[in-house]
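Scrolling down, you'll hit the structures one after another.
Below are two complexes that have chain A in common, paired first with chain B and then with chain C.
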Partner chain A sequence: MTASLVPARRRSAGQLLLLAPALVVGALMLAPLFDLVLRALEADAATVTSLLLRPRTFELLVNTAALAAGVLVLATLIALPLAWLTTRTDLPGRRILNVLAVLPLAVPGYVMAYALIGLSGNYGFMNAVFGVTLPRPQGWLGATLALSLYTYPYLYLNLRAALSGLDQTLEESARALGCGPREVFTRVTLPHLMPAMMAGWLVIGLYTIGDFGAVALMRYEVFSYALYLAYSSAFDRLYAAWIALILVVIALAVVWWEARLREDIRLARTGSGSGVRPRLTALPPLACAAAYGFSGTVVLAALGLPVAVLSFWLLREPVWPVLPDLLRSFSQSLSAAAPAALLAVLLALPVAVLAVRFPSPISNFVNRLAFIGYAVPALAFALAFVFFALEAAPFLYQTQALLVLVYALAFLALALGPIRSALYQARPNLEDSARSLGYGPVGTFIHVVLPCIRRGVTAGLVLVFVVAMKELPIAFLLSPAGFRPLAIQLFSRTSEGMLIAAAPYAAAIIAFSGLTVAAVLRHEGRLE
Partner chain B sequence: MNRSRCCLIAAAVLAAVPATAQNLTLYSGRGETLVSPIVAAFTEETGIEVDVRYAGTSELAVLLQEEGEASPADLFWSQDPGALGAVADLLAELPAEITDLVPSALRDDEGRWIATSGRQRVLVVSTERVEEEEIPESILDLTGEEYRGRVGWAPTNGSFQLHVTAMREALGEEETREWLEAMVANEAVVFSNNAAIVQGIADGEADFGLVNNYYLPRFLASDPEFPVRIAHFADGDVGNLLSVAAIGITASSDQQEEAAAFVEFLLSPQAQQYFASQVKEYPVTSSVVLDSDQPTLDMLETSAPDIDLNSLSDLEGTLELLREAGLL
Partner chain C sequence: MTDRVPAVEIPILVRRRPPVLLAVEGLTKRFFSDEAAAVEDVSFTVAEGELVSLLGPSGCGKTTTLRLVGGFETPDTGRISLRGRDITHLPPEKRGIGFVFQDYALFPQLTVLENVKFGLRNMPRAEADKRAREMLGLVNLADLASRRPHELSGGQQQRVALARTLAVAPPLVLLDEPFSNLDAAMRVETRQEVRAMLKQAGSSAILVTHDQEEALALSDRIAVMEGGRIRQIGTPAQIYREPVSEFVASFIGRSNILPAQATGGSAETIFGNLALAREAAGDVAVAVRPEQITLQPDPAGSGTVVGREFRGHDQLYWVRAGGRTVLVIAGPFPIIETGTRVRLEVCDCVVPLSG
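The block that comes next holds the complex of A and B.
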């Protein structure tokens, strides 16, 4: 519709120009997965059944489901009250609480796991400070704690947006019709929060299924950990390929299921007039105290704990001897993350323009493909590229170029989102004017479109950059020899039980991500 | 915002400058903390830079098989001779002046790999929760009821996997399988590596652990009160396996000379002294001054089972066995 002013001939020229790179993106997403399937099918049926139909596979399935359920429940129990407190009550200090509630995003799951482990044991924080030797957190409980404390902000942000956007008149009508506060919440508020809830659950669920750092450090045997074991301890290609495929199927099923559920929900206002912003609930003193108790516990666990444990380990030995190593690791992380961010944005641009300006079945299809890298668990995605490079592109094998490419593909969706939103807001008739004034499609894009969507492009760059800086599983499989980014250094030291040596790397990751999360929050604050 | 974007782009351009091609590439199945100091010393002495890929020993062995001729690796330094045996047909024959540096029992019969340091598999026990009479005569006794849930092991670790290969050699396939299954049934505690086992015993997660001899001294060096000590099985028991870390040069390497220089460096008095006094392994050459409490390889031979290191190359069979036992 938006493109209807452009003459058909020009439109198809622009479309063709965009379609080629967009299709390349789609092919890059799919080809390694096809390769993975071929690999998996190489074996004869008997081998495969004996590999898959054993108690261990069932155990892994149960553990994966139990972990996902545990993380979703705990994250919801944390995020929902927090979101309500910061949007719907007059709790003093709720603005600060809002910032504190989002900051744990800076502490990746494997760092959180490191902090929980550092708390316990003979040399642990608790024993040194309070003389209590805690058992090492591990298994389901340890992994659930580490992952929920890191991922709940994704749900919190979604719920917060939904709660502050919810039409107050609905709740008032329910109250007028005789519902008590609890009924209003369960029958009106909660159902309206469901889309936000599911969006948050989807992100957390996919992350949990794909996480490998936290489950490996907590020694909890889920599919991604089994994939890591099959690969790292035996380089068992066939079994690894099959586990990777199972992970892909689980992830795609989750995405499909979430989309199905969302389709059935109809919640938009139908009446005339505009929605009313929610009024703030006045909390009585006792409730205030309870609210502080709750949010204090969450902040202490999600932020205080890693910071305290890290400071404790950092102070055990001087940091300066490892500074050169630390700096080298940091610059290596940088040298993969920065080009990956750039490449992700370059790849996302044609896909986004195609989706927004030339909607068609094929552009929709390519757009769906662009999300594969994000939905497929990172370890499985990276493994597919290991196989693919070995067979089809040996010149890329074990190169930094491949690592950068896979980062760009895995995080393409992160760049695509803001760029697409910016394109929707940019007025297409500006582009039409440029075209009628004699600019070609490329000229129009560079001189008119790009300046309009600058904000979206920057947001995409920053998002991919930050996520790639602390990425672990892909780096684990695809780092070339001698390439030791921060996440790998931290992981290998922690898994060898060397918590003191790991501390500077954990601190660097938290400091870096903390700064960027704070910067993003400030940026958002300015937009509001 | 614009400035930060410029920074990003500048960083991206800087990052795209490729590393120099003349570096040696070392695949190391040995951990970074043990390896990186000696690699740094080599670079300092020769000026040759080394890129190290750290990973599991078995992973690297199978990776080498997968990569074949195309492998970027010049050297493969393994936690055990078994993994090198498994890829021996991809390795170049080492020059005689290098192989002559160690006794013939400590290298490949055909000169394709050579030991760099010796180590022994040992039992480590908690000083707080284990009495002297609880220490078993044989590794096979650990399946007993009194050890239920108390023994830590690392089935994914290269040294452990070599140990299983040695048990298959000494006891036969069936008995080894039964032992593995009985250990699993006896709730042996799974750790990811040797260091984690030692730390885990101090932290109370297990009371006994199957590890290499040199991990505990590292902990004791920084804390003499560390609540773990070394115990041995009875003399000649397969649990006391004597093994070596070993290295080989890939046949596909186009830097044979530099790679040979690295191997020679590992056998130099300086490096052997490092393995003995810093890593607490056993030197494989006779050029080293030992601490008075440190045994030489010869002294260990009474306690160790009589197993030829050249017979331990069936890594694939061991992995298969571990898989069947549900450990991989």
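The block that comes next holds the complex of A and C.
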């Protein structure tokens, strides 16, 4: 619906009603970051130069870039063939493979790191089962492995959607114009996949830059790990603020760059006829065997490994003595994640309605602000709130209320997505007829709009809830004293080498994260 | 409407046909073993420079036939040869046959010029550029060379698709429902342009369509398909004047199908004894085109006008006669009102049908 169809008087009334909460959301996103900038600029130039212009900063930068590059390459090498196999070939069992390919989303990076570490060493899985002692994985290789095995499904899902949406006649046209299969792939298929590829790379790139659990366990010195060290061990707040700023700048640069690249690409179907569903390639037996070999290795590494290593450590000692601790930890995670999900949805609603029903430069701007929490690395985002709370509202510092608020803001984008799509699908005519039947704007919203977007709201709630349940970096910086959610328990035990003690927490997180995957798969199923 | 094509002209046309370019023999394709064949025992030829239409309702196998010729499907049995060379099992890119898709399939990430250059990859860059610009000139789109496909209208996109295909100078171009995405006014204009461009390029073409008017207007020959088989193949005039079956008679134009008792060159019908286009014997159905029947108001006539539709350039009448309703197309004037008794006469010979 175009804005011009809405009567001017109603538009202004509705807008005002929504603009206030939406602007509050925008302000909450921006204020702490401004504060972070101010705090960083407090120091005099000499201190800052001596702080930043040292070899270590350069080393961190190189490491961060190397990690991002490694994860992107490895994730692409895994995701692209898998997506092609499950969408464009007649490989028997491709439906099961599709589910198995997405399941690693349930194994967060720090759990994957736990699994890789648990595989190695004298008491590790490999030595106990196969008599092979592996060195403890760490550094670039360990972090790259842990992060790519966890994040490749984001790229896989994007590529899958793009591959099955590719109009077959484009590829056939190229064949008719004399291109062989390989040339068709490089000249037609690959360019078509680029937007999906970049969308996937963006998610993975941001995740990698912002990841803290896996790099910390792998002791790989990137910016987020340095931020953690500066804050937790050295209590060097100025240095922490500057590293956080660098992280923010890197993340925003990545987002900006991706948007610039994407502007240039247009891949909408041009013809008005119905697109032809892609045809499946028949794999010869040898290729089939190779396909099974490849996908078997991926599934074994991304799923089999954590499950096997976890079971191994879980069975070393009885679990029941730690059950009370586990339950307390679980309920603490719950007590932060549930209100955070609710708050995120409440904050997302006015932003989404404003963006969909009253498009304007302001509503677009507020909408973009809502994604800041998603783009800015969690550790930097949380640190900004630590500083902001200490300055503006000391009574909030180290309270559960602040933790819930930061969760809600960091994951606002996750709630916003499904609510916005649901609103786009709900017909504005319904709202108009409710108004003509005598309902006010609020009554219309409660009786007409909300029931229509119920599914989107539920999806947003579930997504934020499960992600908050396993959140590590924000909990790390903002947890009140004595608040030990699952992720922190697992992280602190693993980093101290207590793999047996960590196992129950890892198992709880994997079991719970399975819900995320179920949500994602259901979402994808709806789209198809 | 009633001027006869002398029967002797047909063999002359056949004799004059230039050498065969494409020969399709006994093509059969079954997608699922438990279903009827999509294409069954299809054979036809296309001569150099000839434009052949595959015409039929949806699901008749015409698009599958086209895709078999293009190499996008493999036939279960049968043989396809181009200039005498067997191409039945060649991949599409090795056949040198152009294909214009229903939705044009322009590459959205490339400009119009780059699209046209796409197939010229073995040419030096400058030469390919020149050739592509020439082709765009041929389709009157030279000034849109740097646009993206989505910035063009449907008709323009279609001409780009044709230019892209013709740029590689294929001896044969396959067009799948090329005009179905255009609005009615554009369609009439574009189809003559397309015919002119194909003739100018000297390419033969096979065109798939479900629109009989399009097939009649464009083709040198039409193959009418139904249920995976070719039911009749011939020039547009032949197909229209001498349909072999009730299906062909009703699918191309409108026909009154009447029962008749044939004895050699003539048959007894509700309109009396009529000359037959071909000899037949016994109980047959004959097809009478609505414009073959004339109406005369006559209180003693055998028919009664039961419905009328004024169409400007002519007029449709539904006339009840001999226990059935027949369709008649007459000139716009004079208007014969509903309820008038009329005498019906059939001019020209009628066609006995089989099946």
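In this text, the second predicted complex is superposed on the first by the 510 of 528 C-alpha atoms of A that agree within 3 Å, B and C clash if a C-alpha of one lies under 4 Å from a C-alpha of the other, contacts with A are read in each partner's own complex, and residues count from 1 in each chain.
Quick note on the criterion: a residue touches a chain if its C-beta (ideal position, glycine included) is under 8 Å from a C-beta of that chain, and two chains touch if they have at least 3 such contacts.
What you see is a predicted model, and the numbers here were worked out from it, not measured in a lab.
Student: Report the partner of chain A that touches more of its residues: chain B or chain C.
Tutor: The partner that reaches more residues of chain A in the superposed model: B.
Student: So in the superposed three-chain picture, is A:Val356 touching just chain B, just chain C, both, or none of them (first/second/both/neither)?
Tutor: neither
Student: Tell me which partner A:Val188 touches in the superposition: chain B (first), chain C (second), both or neither.
Tutor: second
Student: Could you say whether A:Arg219 touches chain B, chain C, both of them, or neither, answering first, second, both or neither?
Tutor: It touches chain B, and chain C stays clear.
Student: Taking the superposition as given, does A:Val448 touch the first partner, chain B, the second, chain C, both, or neither?
Tutor: In the superposed model, A:Val448 contacts neither chain B nor chain C.
Student: Which partner chains sit in contact with A:Leu147 here, chain B, chain C, both or neither? Use first/second/both/neither.
Tutor: Neither: A:Leu147 stays clear of chain B and chain C.
Student: Thinking of the overlay built on chain A, is A:Leu97 touched by chain B (first), by chain C (second), by both, or by neither?
Tutor: Neither partner.
Student: Which of the two partners, first being chain B and second being chain C, lies in contact with A:Val376: first, second, both, or neither?
Tutor: So A:Val376 meets neither chain B nor chain C here.
Student: In the overlaid three-chain picture, which partner chain does A:Val71 touch, first (chain B) or second (chain C), both, or neither?
Tutor: In the superposed model, A:Val71 contacts neither chain B nor chain C.
Student: Who does A:Leu170 touch here: chain B (first), chain C (second), both, or neither?
Tutor: In the superposition, A:Leu170 touches chain C alone.
Student: What is the shared patch of chain A, the residues that chain B and chain C both contact?
Tutor: Shared contact residues on chain A: none.
Student: Would you tell me which residues of chain A are touching chain B in their complex?
Tutor: So the residues of chain A in touch with chain B come to 54-56, 120-124, 133, 135-136, 216, 219, 229-237, 239, 334-336, 338-339, 341-342, 390, 394, 397-398, 400, 454-455, 458, 461-462, 465, 479-482, 492-493, 495-498, 501.
Student: What part of chain C is in contact with chain A in the complex they form?
Tutor: Touching chain A from chain C are residues 70-72, 91-93, 96-99, 101-109, 118-119, 121, 148-150, 152, 154, 157, 164-165, 168, 174, 177, 180-181.
Student: Touching chain A in the complex: which residues of chain B?
Tutor: 1, 4-5, 8-9, 11-12, 14-16, 18-19, 23, 25-27, 31-33, 50-56, 58-63, 66-67, 70, 72-73, 155-157, 190-193, 195-196, 198-200, 202-205, 227, 319, 322-323, 326, 328
Student: Spell out the residues on chain A that touch chain C in their complex, using ranges where they run on.
Tutor: 167, 169-170, 172-181, 187-188, 191-192, 265-275
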